[in-house]
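Chain IDs A, B, C, D and E follow the sequence of writing; residue 1 opens each chain.
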Amino acid sequence: MIDIFTQNWQTILNGFWVTILSSVIGLVGSLLLGTIFALLELAPSRSLRIIGTAFVEFFRNIPLLVITMFFYVVVSSSFKIGGFWSGTIGLILYTSAFIAECLRGGIASVDAGQMEGARSNGLTYTQAMTHIVLPQGFRLAIPSLGNQFINLVKNSSILSFVAGFDLMYQANVISGANLDPFNTYIIVGILYLLITASVSWVVKRLENRIGKEVIR
Amino acid sequence: MSGAFSTSNVQYLLKGLGVTVGVSIISIIISFIAGSVLGIILYEKVPYFTKTVRLIVNTIRNLPLLLIIFFTYFALPKLGVELNAFSATVFAMSVFEATMVAEIIRGGLLSVGIGQTEGALSTGMNKVQTLWYIILPQALKRSIPPLISQFISLVKDTSLATAIVLPELMFRSQVIYGQNPKYMVPMFITIAALYFVVNYSLSLLAKWFDKRLV
Amino acid sequence: GINAQKQQLKGTDKLQTVKETHTMRWGVKCDTRLFGLIDPKTGESQGFDVDIARAVTAQIAKDQGTTIKPEFTPVTTNSKIQLLKNNQVDAVAASMTITPERAKVVDFTKSYFPAGQSILVKKGSPVTSIRDLNNPKYTVIGIMGTTALDTMKKFAPNAKVIAMPDNSQALSALESGQGDAITTDNAILYGLAQQSHDTQVVGKPFTNQPYGLAVNKGQASLRKAVDRALQETIDNGTYNRLIQKWFSNIPGLDWRELTK
Amino acid sequence: MSAIIKFKDVDKYYGDFHALHDINLEIDAGETVVLIGPSGSGKSTLLRTINGLETIQKGSLVVDGADVSSSQTNLNQLRTDVGMVFQHFNLYNNKTILENIMLAPRLVLKRKPEENEKIAQQLLKRVDLSDQAPKYPAQLSGGQQQRIAIARSLAMDPKVLLFDEPTSALDPEMVGSVLSVMRDIAKNSDMTMLVVTHEMEFAQAVADRVIFMADGRIMEDEHTDTFFAHPKSERARKFLSQVEHH
Amino acid sequence: MSAIIKFKDVDKYYGDFHALHDINLEIDAGETVVLIGPSGSGKSTLLRTINGLETIQKGSLVVDGADVSSSQTNLNQLRTDVGMVFQHFNLYNNKTILENIMLAPRLVLKRKPEENEKIAQQLLKRVDLSDQAPKYPAQLSGGQQQRIAIARSLAMDPKVLLFDEPTSALDPEMVGSVLSVMRDIAKNSDMTMLVVTHEMEFAQAVADRVIFMADGRIMEDEHTDTFFAHPKSERARKFLSQVEHH
């Protein structure tokens, strides 16, 4: 098993970095887009709410592979995007729908008393939202956001469908050549676990730090 | 009628929907049963055993499903387990989703609250009776909405089986637009719509349960 | 247990199994025009490879004095050898080039199709041969897991390279301008050219990469049976009929050159 | 003295449910009024209409000259004059004690930082919790949290303070300290106070008037001594006996 | 009469936290004992050790002849003899009222269906809730739920009944009905009762003995009249004044 790594370490490492890069871009992009979707879904205006909900429901209910392939074979014929960006854009759109749901859930689970307390104290709706409810909503959403980030890392293997040169893609190339899929996939699996475990660890730490501040 | 929606293409695609739904239903049933058992083991903290199960569940949960599919189809035969694309997909999905279901069931069991357990124990019921008559029914009821969400993911994830040439919906759409690039956009719209209809109905069901449970 | 079973499988004479079960499991392509492409009407792969596999199976049956039904499992470039090694198929007829590397892990019959690598470009492209591509401003598209990319690097070391999972995606990558040429076996390129009218194959094939049928290592009797059946289909004219059936109406290709 | 809170023929519905029936009530500036009644009788609802947390469907409600029922009225403005203390405190979980007190004065009254902090510290002293300023709400006991909630309301310098069962979520030993802060405000300021509570001793000691509600209606509205000495209605007598003697 | 509950030098830890210090206590069969003390003093913990919901780390605890601290003891058996009523009722949310009462007798005592239902109906009558049998717990008020919880415990015909603040999660008007059921049991049965409560009037009226706890220790253990007339410790005096007079 070791020799698979020693013989292919460059290929594997390349794939590893592509997976991390795509995940990080996916994380930042989907967090931004997801927050926008969530705010749209909670907006006072009915038409904004409908737009937000439509986006979220659409991307939540079709497979990531469909979104990714659409960018790869259809969109790429007009805009020159390769496998990496088709996959990463697919990841961002798909994940942002889930992040929007997490944030909405977080905000909903902030005790209604927080809003009432703030309003009774004279704060406007916007002030109460930005100073009191949203910050608590984000914190309450951290565990479920963490789950989404782990899913994001796992889902980045979608790049292998579109020649995105990620870890999964390289695993297929290597095992197609050495005909030892057993050990090749185990090695690659360990690398994936390395990334997902690190994400869990960071999320746990964040949870604990914030848990000390807000005990519910 | 010819073009993207010729009779034979439509029939071919609908059969793919059948495969997608078939794989999904079988995997849902197996993963629900296996996941419930795992979930109870995780909840009950059986010495050593639970720790082992926890390690396995965490490992599988944190791997890409695609990797598990490839592993099942290409690597498991080396151990003498021969699977065709269909059974390999069902096996991989069931294993992966069972770990997801386990976590949901465990969460459901925990959310029932210690008070129910203490109430039951204090009337002289033993642990198994308490679990079976009091905790599990409430936990399952609470788990329905997150389980449905998980099963929506499962339905979507069947598309990954194109990688091992399972002739499900996504694969068949590729075959059809492989005939003619002009069919690409119609095919994407069609399969997106098909997946959406199946999954959105499921998510409406989840919302309905959600409302009824509060 | 599992290991004993595995030993047993390895020791099994596949030809015997084929005769006993009256089925021969073939791995064929599902995405390769002219050789193995799924037809939505039947849901089955159709093409020259598939017909050859059928003819060979029928011939073996005749030779062995029994009935044998061919069974087809769709494979990808990436998975065909793995499935053969895993005993998930008995033989492969999947536009597979005979190479010394592969010959180490599988056994080939003699060649049944004289393939060679060529390039496909958009009509009107300044590229007219492989030499023109030897320039960093060009990107060449290959198919994941095929030998074509390695070979191409010898002829045009300066070109950039991307790999696509299958042929139809390679074609759409060419059409969408992600690359300037596709390189793979000429026969496949003819299929693509037939499919997409603003592309053409240019230049002569610059390699000799004959296709062979393959069986797993250690199956001498099966390999001999397949080889013999293949020769018989050539001898009795079936082979040439199939060449004509699949390659007679491709513009620019004289199918007679392919007959044996 | 003129009425600072004035209900006239007010009705309130939650959907089809008729929560307040034909409420007529005037409370003068500086008065301390205690509101009692069985669970579900509409006490909280009545209180919450006063600062616009609930809207009324019929009648008129004027608070400090502003018509609460009119959509023209700026509720944010009104709420700076009408503070509210909740059963479950509702302190801002994500802010320290000091920030809890200083936030609304800073955002709404645009009070200068130094002045804001000075006032906040004085209030902390008044509720006897000066040493807790840097902590977060979750680190305090219920009784302490409730005293902070009172200080937070006082920081806005309101004319009216509403209390909705301020001690009923507290452990018995915590109740005393909160009531004594409330007693202090009632005696030593000209604040108008309207208090929903089940603490009858407190009511007897501090209230000018007692209002007894049942089924969304005001059943009695009497001077404190009169009410406790001679409750008129059968309902009130029964209620008092249940609450006082178990 | 001999002791049905017997603590000898009992210590209990939650991890590092020393929750019960050197508890020595004997309760005779048929006695009604009230346990009081400030929040966190260990009242619930002490109660919960008696039916094995919490394990002790030192000393011995014998209940109805069974050594609770021994791993040999069948706790399920013990718990059929020791019922418990919780602050938050803990009725089975997924069962009707009648099923709540009948479940444990059916599963544990293997009581016959007809007899089981007959007894359950009698108990429902005793707690004055005969008409609620087919409802689910969530459809009842807190006071009603607590009376059902008592009936559920009685259905097992226990020798000991433990109550952990049975009325402190209730609206004030609900408290009376629950206390009167408890009073009925204390007077009209030979049940041994151990009650944690803040209801001092109830304690004075019903208890044979009062135990006062603080910081995990038993500070006083006196006859009811003696305790209320002359609490020995400063802690007890302070506690009584806080709980009784706000």
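Note that in this section a contact is a pair of C-beta atoms (placed from the backbone, for glycine too) under 8 Å apart; a residue touches a chain by one contact, two chains touch by 3 or more.
Note that the structure is a prediction, hence the values are computed from the model and not measured.
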Set of chains whose contacts include both subunit E and subunit A: B, D
Selected pair, greater C-beta contact count between A-B and B-C: A-B
Maximum centroid distance from subunit A, chain identifier (CA atoms): E
Chain whose average C-alpha position is farthest from subunit B's own: D
Chain centre separation (subunit A, subunit B; CA means) in Å: 20
Subunit D and subunit E, separation of their C-alpha mean positions in angstrom: 36
Interchain centroid distance [CA atoms averaged], subunit A/subunit C, Å: 39
Geometric centre distance via CA averages, subunit D-subunit B, whole Å: 52
Subunit C: positions in contact with at least two other chains: 79, 82, 172, 175
For subunit E, residues that touch 2 or more chains besides their own: none
For subunit A, residues contacting two or more additional chains: 73, 161, 172, 175, 181
Pairs of chains found to touch, sorted by chain label: A-B, A-C, A-D, B-C, B-E, D-E
Contacting residues of subunit D [partner subunit E, same complex]: 38-39, 167, 171-173, 175-176, 179, 198-199, 201-202, 239, 242-243, 245-246
Complex contacts: residues of subunit A adjacent to subunit B: 57-58, 60-66, 69-70, 73-74, 150, 154-158, 160-161, 168, 171-172, 175, 181-182, 185, 188-189, 192-193, 196-197, 200
Residues on subunit D engaged by subunit A in the complex (per definition of touch): 51, 53, 76, 79-80, 82-84, 86, 88-95, 103-104, 107-109, 136, 138-139, 149, 152-153, 156
Residue ranges of subunit A touching subunit C (in the complex, touch as defined): 72-73, 76-78, 80, 82-83, 161-163, 172-173, 175-176, 179, 181
Residue numbers on subunit A that touch subunit D, as the complex places them: 111, 113-114, 116-124, 127, 131-132, 135-136, 139, 213-216
